[in-house]
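When the chains are written out, they are named A, B, C and D in that same order, and each has its own residue count from 1.
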Amino acid sequence: MSKVNLAVDLNGLKLQNPVTTASGTFGFGLEYKNYVDLDKLGGVMVKGTTLQPKKGNPTPRIAETPAGMLNAIGLQNPGVDHFIEQTLPGIKDKEFKTIVNISGNTVEDYAKLAAKLAETEIGAIEINISCPNVKKGGLAFGTEADMAASVVQAVRAETSLPLITKLSPNVVDITEIAQAVEEAGTDIISLINTLLGMKIDIERQEPILANKVGGLSGPAIKPVAVRMVYQVAQAVDIPLIGMGGISTVEDAIEFFLAGANAISVGTANFVNPEVTMEILKGLEEYLIEHDYQDINEIVGKAVKSSE
Amino acid sequence: MAQRVIREIVEQQKIGPGYFKLVIKAPEIVAQAKIGQFVHIKWIAEERNSDPLLRRPISINRINHEEETITLVYRVVGRGTKVLSNLKPGDQLDIMGPLGTGFSISEDTNRVLVIGGGVGIAPLYPLVNKLIEANKEVILLLGAETAEEVIDLDSFQEFDLELKVATMDGSLGKQGFVTDYLEELEQEMDYIYTCGPTPMMKVIRDWAIDFNVPGQASLEERMGCGTGACLSCVCQVKIEGKDGWTYKQACTAGPVFPLREVIFDE
Amino acid sequence: MSKVNLAVDLNGLKLQNPVTTASGTFGFGLEYKNYVDLDKLGGVMVKGTTLQPKKGNPTPRIAETPAGMLNAIGLQNPGVDHFIEQTLPGIKDKEFKTIVNISGNTVEDYAKLAAKLAETEIGAIEINISCPNVKKGGLAFGTEADMAASVVQAVRAETSLPLITKLSPNVVDITEIAQAVEEAGTDIISLINTLLGMKIDIERQEPILANKVGGLSGPAIKPVAVRMVYQVAQAVDIPLIGMGGISTVEDAIEFFLAGANAISVGTANFVNPEVTMEILKGLEEYLIEHDYQDINEIVGKAVKSSE
Amino acid sequence: MAQRVIREIVEQQKIGPGYFKLVIKAPEIVAQAKIGQFVHIKWIAEERNSDPLLRRPISINRINHEEETITLVYRVVGRGTKVLSNLKPGDQLDIMGPLGTGFSISEDTNRVLVIGGGVGIAPLYPLVNKLIEANKEVILLLGAETAEEVIDLDSFQEFDLELKVATMDGSLGKQGFVTDYLEELEQEMDYIYTCGPTPMMKVIRDWAIDFNVPGQASLEERMGCGTGACLSCVCQVKIEGKDGWTYKQACTAGPVFPLREVIFDE
């Protein structure tokens, strides 16, 4: 038994603890079962799911960069129907909350996805309005406040499941988008998705990724992510799930202090498949050492201290 | 079952120009490993430095049950393999494995062709060993840049098999591509195994289709997770159905795929 | 004598070679004299200069992040008059081109700065419309196309010196700003300035920087910078000076291949004060090894190859 | 003249809890170094890894002209100093230096107070040595957490000076702050030198103003370039003029500043 409370209630989405895994980095929940005691996770954001099956981009799909990586997977997934029929039955009895990350090319796509998921036993829907790897739509939704809001409204109309809206960092003012999606009815905001980047092979003299550009993730982007969580925490009243480069418990704590109510681990799973368990243990230790009873006590502390 | 362990390096040896052999004491991996599988490794970084960030996939070159060691043979091509080559006996290595499907050996085959190119020779020793144990007639074709780069040459020579080598500089065997030997084959083959550079495997696949020989190819793709989760390592494989092909993860559905079903960037 | 041509002509700004140092990282040109043969540099962008002397921000002003650093210097500088009277005489006879990086709070500030510099012996003016560390103005100019354009026009009206406009990466679509400043009359575009970031001290539970947020620079941001150079190279017809995380000759070559006509080295000077000389040597070697006679031959190669 | 050199580590020794002594063969630095100066160092990174990225400033603790070595004494507080502590004799270190102004010694002073706290004691040995050589009457006050953390205690005890120690845990000397000794001073002081934590130096500065004693303080600030270019390491120093103060670079105008002119975060 844990001596401190780690459970969080994110505007209706109740997680046994605030440690979740980021969409696209943890498959559909079971891939890491040899490394992680899955039942101990707070939540799993499954791979971005679309209406129709998607093959994704040609390879190479990833490239390594200083303290980071680029990916251009292109949303390869077997489609939402396959997910509901084949994948969900295998994970719905796990202790973690299954959060389905959805992507569409049109507002209607998002609405249809939500309608299909509305009656399933999932924990929440995460609206990905920020995937930089889909040519049509994707990025634009996440970078314009009214587009973002209309996606959220359309999804909201279809379901009473907790709604998470995932923001893109490729914007001038992330608080503007955050406020727009809050108003449009999202229950939770998650941030950040990847920054758009490129790496060039200087011998072949062309971009390494087949898709040319890709999303930058990993420790390199952590300062940008922390800054955005810090800003959004002051701009909205709904809970935040912070992510971007979290690789250690110290990183995770930075996000809580910046105002995140829960965190998500992405790229770090690749580097250390046991990282989520280490963060969970480290969080408890930090709280005990610093005399807190509850993880919620440290949320936003760095915002308050600097006001 | 794959796992993550942190285990000690027993031996690190330079075995050729830029080629290294690394022996690691890893009982858990040894207990599980099958031929053709790989490990996904990371040096223990000083104070969690995150550059370079990702693990590196390397095939298992030897499984030693008595010593409880696995051996990796690798070529230094970039930053990660360079860091790896600086490690010394006693240093710890962070290992995920054993991973992937590995090669499978069928009862019904007799005359088996094994073709390796460059560093793609690394996973072939355990395979050839098993084939010989199973009393197959093995024809082994090895290709490399130079004589020094023909991995495990001495070990292969100890087997009772037909061995032909091709090097680009002609320092050993025929000068040229290992696939040049395909034309010279005098007998029909029951089966092919191959691992090596894409252009080589492409020629072999075409030949296998032409002569209707089944087989297995071990592919390389950039890897993130190594567990099937990130979809970075996918390879194009033919299937029945609408498009006629699908992407499969090299880390879990591969790295070994049915040779004639592999599509190489076409 | 060099066997290959490294000289570049950036729309009138002639540099003996394309290796320059980024504003704010190389002082006023002489600080690195013990480490660098200054006469071998192509150009030096001096520390951001303002109309009035500025004290800058309180300390801590920097923080280290994974493969990067945050800075919030806050444009400490002795003011443009001091620069012209005291600093310029000491550097104007150097072989490198002196490029004066200017910052203002209003369009008028920029115009006045340009007017003061117009008759001096400098190589070019670099308009910093992207400094994230000044509360008023600064960032906004660089993130809105018409604001950016009006600054450029105002400066253009005051001087016939070569004009470089330095873009902020904290935008949705950098090509839009690039096209706006091209149309407004800038001769050259330099990019990128820093990304806005934050680091939190988890023991003190507050941001490390006194200014809370700062600009992220160094290898971490290189993929974002390369991507932006690649995009802007296709969107405008004027020369580009690429920067962001360049620490080795390989990094520099990525920028040339992405479409930069010259490069600028920032944070890497702190890590290795001799880095500019190493890049210069490495560029020659790369060109020779790959059978080029002229650095200009490789500019944009990765763009062309992937069209 | 400061320069950048890559030189070999001769000795690395743990001298206390988290405290290390590093001896480096560096003739160029030795030839130039003045008391109170520092070096800006970086371990040679494996394959140019860029995490941690920046150099670390460390004071010169000893300059040995015969051996052509400098000694650094440092405490492990974060990732950089941890990596440093893992280096071994024979490893190379990338050094910029000698940097900064250093301490200056005036002819006109006789009774000199030297106060060091924690790792701030590190640069004081060469200073005290010089003061003794110049026949000054030295009163040396040293403060630390524990007895084990009083750097160079043995060496200081060999000098002919008045030495008082305060430790927070009382394991050596008086229990409490080293500044508590200020009240007990029986004689007037001509000059003060100090290096240590900011709260300590603040008390000393106030005392110096009250008792009108001139002096020098060696300050710490986060550094980027170490050459005056980046303006990250600035300290607030009083000057004549409109605002009454200005920012000066600790790396070039400091790290030693006139004690009574320093403004500490006020």
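Quick notes
Definition applied: contacts are C-beta pairs under 8 Å (C-beta built on N, C-alpha and C of every residue); 3 or more make two chains touch, one makes a residue touch a chain.
Computed from a prediction, not measured in an experiment: that's the story for all the values here.
Considering the contact criterion stated above, the chains in touch with chain A and with chain B alike are C, D.
Taking the mean Cα position of each chain as its centre, D sits at the greatest distance from chain A.
One inter-chain figure worth recording: chain A and chain D are separated by 46 Å, centre to centre, where each centre is the mean of the chain's CA atoms. Chain geometry summary: the mean Cα position of chain A and that of chain C are 34 Å apart. Distance between chain C and chain D, defined via averaged C-alpha coordinates, is recorded as 35 Å.
Multi-chain contact residues of chain A, defined as those touching 2 or more other chains: 65-68, 218-220. The multi-chain contact residues of chain D, meaning those touching 2 or more other chains, are 48, 50-52.
The residues of chain A lying in touch with chain D in their complex are 66-67, 219.
Residue ranges on chain A touching chain C, taken from their complex, read 65-68, 70, 143, 170-172, 195-200, 202, 205-207, 212-213, 216, 218-224, 226-227, 230, 245, 250, 253-254, 257-258, 286, 298, 301-302, 305-306. Chain B meets chain D in the complex at residues 46-52, 79, 82-83, 86. Taken together, the chain B residues at the contact with chain C in this complex read 50-51.
By the touch rule above, chain B contacts chain A in their complex via residues 1-4, 42, 48, 50-55, 94, 96, 221-235, 243, 246-247, 252, 265.
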